[in-house]
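The structures considered in this document are given below.
Next come two complexes, and both contain subunit A; in the first it sits with subunit B, in the second with subunit C.
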Partner chain A sequence: MGAITHTPAEKTLIDLLDGAEDWRAAARDAVVRFGLPTKRAEAWKWSDLRRASHGIETAGQAEFRLNGATAADRLTIDADAELELAAEAGISVASIEIDIPAGTRVVLKERYSLAEGAFPTARLEITLGEGAELERVVLCDTPENSIPVVRSRVVVAKQAHYRQATLTFGSKLTRNETHITHAGEGAEVELGGVYLLEEGRHADFTSTVTHTGPGGVTHQLLKGAVAAHAQGVFQGKFKVEQAAQQTDAKMTHRALMLDDRAEIDAKPELEIYADDVQCAHGNALGAIDETALFYMRQRGLSEVKARAMLIESFLAEPLDMISDDVLREELAAILRQRLGAIR
Partner chain B sequence: MAAVKETIEDVKKLEADKYKYGFTTDVETELAPKGLNEDIVRYISAQKNEPEWMLEWRLDAFERWQQMKDPTWAKVEYPPIDYQDIHYFAAPKAGAKYESIDDVPEEILKDFEKLGIPLKEQEVLLGVKGAAESAAEARQAPKVAVDAVFDSVSVVTTFKAELAKAGVIFCSISEAMRDHPELVRKYLGSVVPTSDNFFATLNSAVFSDGSFVYVPPGVRCPMELSTYFRMNAEGTGQFERTLIIADKGAYVSYLEGCTAPMRDENQLHAAVVELVALDDAEIKYSTVQNWWPGDENGKGGVYNFVTKRGDCRGKNSKISWTQVETGSAITWNYPSCILRGENSRGEFYSIAVTNGRQQADTGTKMIHLGKGSTSRVISKGISAGRSDQTYRGLVSVHSKAEGARNFTQCDSLLIGDQCGAHTVPYVECKTSKAVLEHEATTTKLSEDQLFYARQRGLDEEAATALLVNGFVREVLQELPMEFAVEAQQLLKVSLEGSVG
Partner chain C sequence: MLKINNLHNKVETQDGEEKVILKGLSLEVPAGEVHAIMGPNGSGKSTLSYVLTGRDGYEVTDGEMEFLGEELGELEPEERAAKGLYLSFQYPVEIPGVPTITFLKEALNAQRTARGEEAMSAPDFMKFIREQAKALGVSMDMLKRPVNVGFSGGEKKRMEILQALILQPKFLILDETDSGLDIDALKTVAEGVNTLRSDDRGMLVITHYQRLLDYIKPDVVHVMANGRIVKSGGPELAHELEAEGYDKFIGEAA
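So, the complex of A and B:
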């Protein structure tokens, strides 16, 4: 294969990473050799990043902020905190490494403050010590023409508990990747996600959970609703290594197609090398139940209101796992408000 | 767990002699020289007295194939195949096709007899070996017409006269090219185009024989049709091509069986099966695949790279694939349905068993294009020993397929802790007026159930066989009776030695 012709976005990204070391150097090398991923790459087959990045030519600035102040590249968090990814217009790179010490319990609220036309590629490395508990609540409410690409890698030690709840409204292309290494032995992982995509938006949830030790528990529940010309993507994978006997892992994805021209693509994958396990996944796609809608309308609700209520009751379930009442209510309220705009 | 350790040891003991089809037959064989080039393609075509257009078709495929690379996306590992080290044509000497059963060399008849495939019609009438005894009492012994393919050629087709009375054409594909060129030309490659994929393109260039079925409008084929594939000669590949057409309102049920001798080398099998169902037609295609899986160290065995696809071209048409796959060192097989017709229906029922060092990457594709098209996928995978098995499937609903419906269930069972079971389903949906459901589970045999069966007096092996049969029941029910019994036996043999 001959050398590829780089797009303006790729050239900017390559320049941006010029002279970088460690992972940035590897990232630069990948962009130089292959460009940004296209649908020809298996992991991006429903999210063509190269195509989405057309029109973005300049470099911008992006950073992680902890409780409002610029965060260090590597830090330890042992109390509840707010993490913010802030990005200007243009292509940018941000990274943060977070340690949750053994035995601590942390609620981390995460939000994205992106300018119009921002294309941040962000990297999070989170390590949970033994018996640590992290509840990560992510609100991904970004401008329509932004392209957030966030890849988090989470290492969960034994006895630790990792809980993630994400609420996403999509954009030109939103990619939310979570890769978890699960040590088992009393460790638990809960992954919850909700996506509500207005007309023309895209959101991609990609996750892998690798069970490396015995007796691990993982529960994943993703729910979505997609309007016309919008596209929801779910790529979930559970890998159970041979040492991870007695793993109990369950993956569920359910989505509503709100319009004939909506699109949902899913690939719920299991890769299992241990025999004494309980692993299951379910995937269901469909439209709003017309009978329920009819019932509600004849009880006097307007069609818009009835639809919004039905969608809300369908979508809200994964948010229930948020233990912090205030946070859960806040996300539920945002979801309700956005539902009002959905046709 | 002691049982696990025993399992591993038992699997190690899994001897080649469990494979009862591993014998070879001494029959004088005419071989094409090893290797693949334009001359070989011309040689094969000449051997079959093919018309000029067919040769062109093959050469075109060969040219394309040279530009292609082996696919690498499947979860199977094998050393690179030397495509120049294979005989692309092997035929028993003394003519490719025998006029009557009496001319077929005794060795070949014996070979098929050993396999339990009676080719003499009077024997067939007495009932098919392996058919359920109770069934024989319950109803008249069923008739099955057989097309027997030995290495590269079809040696005999039974019941042709009786089928002809009903207007059904059942013959080898080389005969069809001579006698029904208009049908072959119209449909060959219309479901699996020559450029479809690496192995299908290779097959298009070098395919030697296979079966051809045409069921005319409104005819319900009076008996089950079947093909039996047997690879015998050393260092050969088998490349057969099957084409089945059910015209408007027709029905046909077709069975396919395959075995090969035990050899140290890996034999290549790259087949293409094309099904076409027009308005209101139904095709039921069942396979029991039992190619030699190689020994316990993964030496030898058949590489089974097969492209099977059905096209539900007409409204209300239906295509159903049922398969029991217990053989082959490597399986790469995705029987698919293109649901083009309005209210068309596709079904896929599969049992795949891997043991020893077998690797299987198999599944289905259901492409919903027509309004109201429905599909159902039931896949049961059983991995034992040191084998790896992957279900890979696609359900795709296009924007015009309003009212489409799919249900997919894939369950995997692991026996022993040295094997792997993987599920890779793809779901793509572009209309809100569709309902798609997918479920998958991976578990091991329940200790409780095993314990219960054992305390009722069954030994562990019998208990496992019973539970496994229960696990795959939904698929076995879909098999024609004659096959269901054979399949059940096959499951038992394939899993022998896999429990401690």
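So, the complex of A and C:
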């Protein structure tokens, strides 16, 4: 295979990472050899990053902030906190490693503050110690012309509890990857997500949960609603290693096509090497119930209001897993406000 | 109050064919009167209820329908509702995730706003719905549940009447309100309907059987067949139909 011709975005990224070490060096090497991922790569077949990055050519700055201040590359969090990914226009990278010590309980509120034309690639490495509890509530409300690519790796020790609830409105391309190593033995993982995509927006949820020890529980529920000329992508994989007997894992993705011209692509996968497990996945796409819509309008609700109520009632469930009432209501209110504009 | 003249319509069937259902239907219901429409399956009774309330896919091709002096044809379903037109559905729709109380409060206030009235405050609404629910034997617990989800056929029909008591429409269309009801539930529902009878309110009771009309006594009975009213008369007409069947009327319509 001959050398590839790099796009301006790729050249900028290669220059940006010149002389870098660790994961940055590996990332640079991958871009030098293969360029940014295109739809020809299996893992990116519905999210062509190279194509989406056209038009973004300059380097920018990105950083993680903890409770408003620039965060260290590596830190321990043992109390509720706010994490922010901030990125200005252009191509940038950011990274953070977070330890949640054994036995602590943390609610981490995470949000993205991106400028128009921001293309940050962010990496989070999160480790939960034994018996730790982390509730990570992610609000991904980003400008239409931005490209956030966020990859989280989460290591969940035994007896630990990891809960993630994500609310995403998409952008030119939003890629949200979560890769979890699940030790079982009393550990539990809950992955909840909601996406609402207006015309022209794209959001990709890609997750893997690898069960390495026995008796792990995983519950994943992703719900979405997609307008005309918008695209929702779900790639979910549960892997159960041979040692992970009596794993109990359930994956559900349900989405509404708000228009015939909406696109939703889903690939649920189970890869199981243990013989005594309960694993299931369900994937269902549908449209708004026209009969319910008429019923609501007959009672006096406008079409816009009736649709918004139907979509909200469909989408709300994954947010129920947020334990903090104020936080849950905050996200529900943001969702409701965005629904007022959806057609 | 409601004047329908020479109404024609067509619907698109699931296989994309167009089908003519109403073929020159004329009918007039003055304020204060209850009219019944009886007819065999497929005569177009439910279609009439959807055409009057403006459901998508029920296109009027000819004729007029006038409500309180205004032509309905160009109005959206919610505009017709705000003018006071209410349909009690043959099959009330389940809406998961939307509590009945929330739904009714939003609906009532949407109608009031559309009419230029002030929205009802949350405490006033709670007091109002509590009174109406009590009268109909509906528990507050039921009202907190999502609209119609998990309700029995009888409970759903009772909820339809409760919604009418809350929304206080000027005109009610009851589409097969008796279907799926046992005799006790039928009596409760009929009592609710009868409390809504008043000099300034009209009703159109669509039914296949005469049974309901023992409890909701109509002023006029119309027989519908093949998309038209083929005969009108007093309450005795319902008994005549029950005794002799629809055949002779269908013969007249053909």
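Quick note on the criterion: the second predicted complex is superposed on the first by the 343 of 343 C-alpha atoms of A that agree within 3 Å, B and C clash if a C-alpha of one lies under 4 Å from a C-alpha of the other, contacts with A are read in each partner's own complex, and residues count from 1 in each chain.
Here, contacts are C-beta pairs under 8 Å (C-beta built on N, C-alpha and C of every residue); 3 or more make two chains touch, one makes a residue touch a chain.
What you see is a predicted model; the values in this text were computed from it and never measured.
Participant: Should the superposition on subunit A be reported as showing a clash between subunit B and subunit C, or a fit?
Facilitator: They fit: once the shared chain is superposed, the two partners occupy separate space.
Participant: Answer with first, second, both or neither: which of subunit B and subunit C does A:Asp73 touch in the superposed model?
Facilitator: In the superposition, A:Asp73 contacts neither subunit B nor subunit C.
Participant: Who contacts more of subunit A, subunit B or subunit C?
Facilitator: Of subunit B and subunit C, B contacts more residues of subunit A.
Participant: Answer with first, second, both or neither: which of subunit B and subunit C does A:Arg299 touch in the superposed model?
Facilitator: second
Participant: When the two structures are overlaid on chain A, which partner does A:Asp260 contact: first (subunit B), second (subunit C), both, or neither?
Facilitator: A:Asp260: touches subunit B, not subunit C.
Participant: Could you say whether A:Glu21 touches subunit B, subunit C, both of them, or neither, answering first, second, both or neither?
Facilitator: In the superposition, A:Glu21 contacts neither subunit B nor subunit C.
Participant: Examine A:Gln242 and indicate which partner it touches, taking first as subunit B and second as subunit C; both and neither are also allowed.
Facilitator: first
Participant: Between subunit B (first) and subunit C (second), which, if any, makes contact with A:Leu310: first, second, both or neither?
Facilitator: second
Participant: With both complexes superposed on chain A, which partner does A:Glu269 reach: first (subunit B), second (subunit C), both or neither?
Facilitator: After superposing on A, A:Glu269 lies in contact with subunit B but is clear of subunit C.
Participant: Is A:Asp325 touching anything from subunit B or subunit C once the two structures are fitted on A? First, second, both or neither.
Facilitator: In the superposition, A:Asp325 contacts neither subunit B nor subunit C.
Participant: When the shared chain A is used to line up the two structures, what angle, as a multiple of 10 degrees, is there at the CA centre of subunit A toward subunit B and subunit C?
Facilitator: 80
Participant: Rounded to a whole Å, what is the shortest Cα gap between subunit B and subunit C in the overlaid structures?
Facilitator: In this superposition, no C-alpha atom of subunit B lies closer than 9 Å to one of subunit C.
Participant: Using the touch definition up top, name the residues of subunit A that touch subunit B in the complex.
Facilitator: Touching subunit B: residues 42, 46, 242, 245, 257-287 of subunit A.
Participant: Hey, which residues of subunit A end up touching subunit C in the complex?
Facilitator: Per the stated touch rule, the residues are 289-292, 294-303, 305, 309-310, 312-314, 316-317.
Participant: Considering only the defined contacts, which subunit C positions touch subunit A in the complex?
Facilitator: So the residues of subunit C in touch with subunit A come to 53, 55-56, 76-78, 80-82, 86-87, 89, 92-98, 103-104, 106-108, 110-111, 114, 146, 163, 167.
Participant: Enumerate the contact residues on subunit B facing subunit A in the complex.
Facilitator: Within the complex, subunit B contacts subunit A at residues 4, 73, 399, 402, 412, 414-444.
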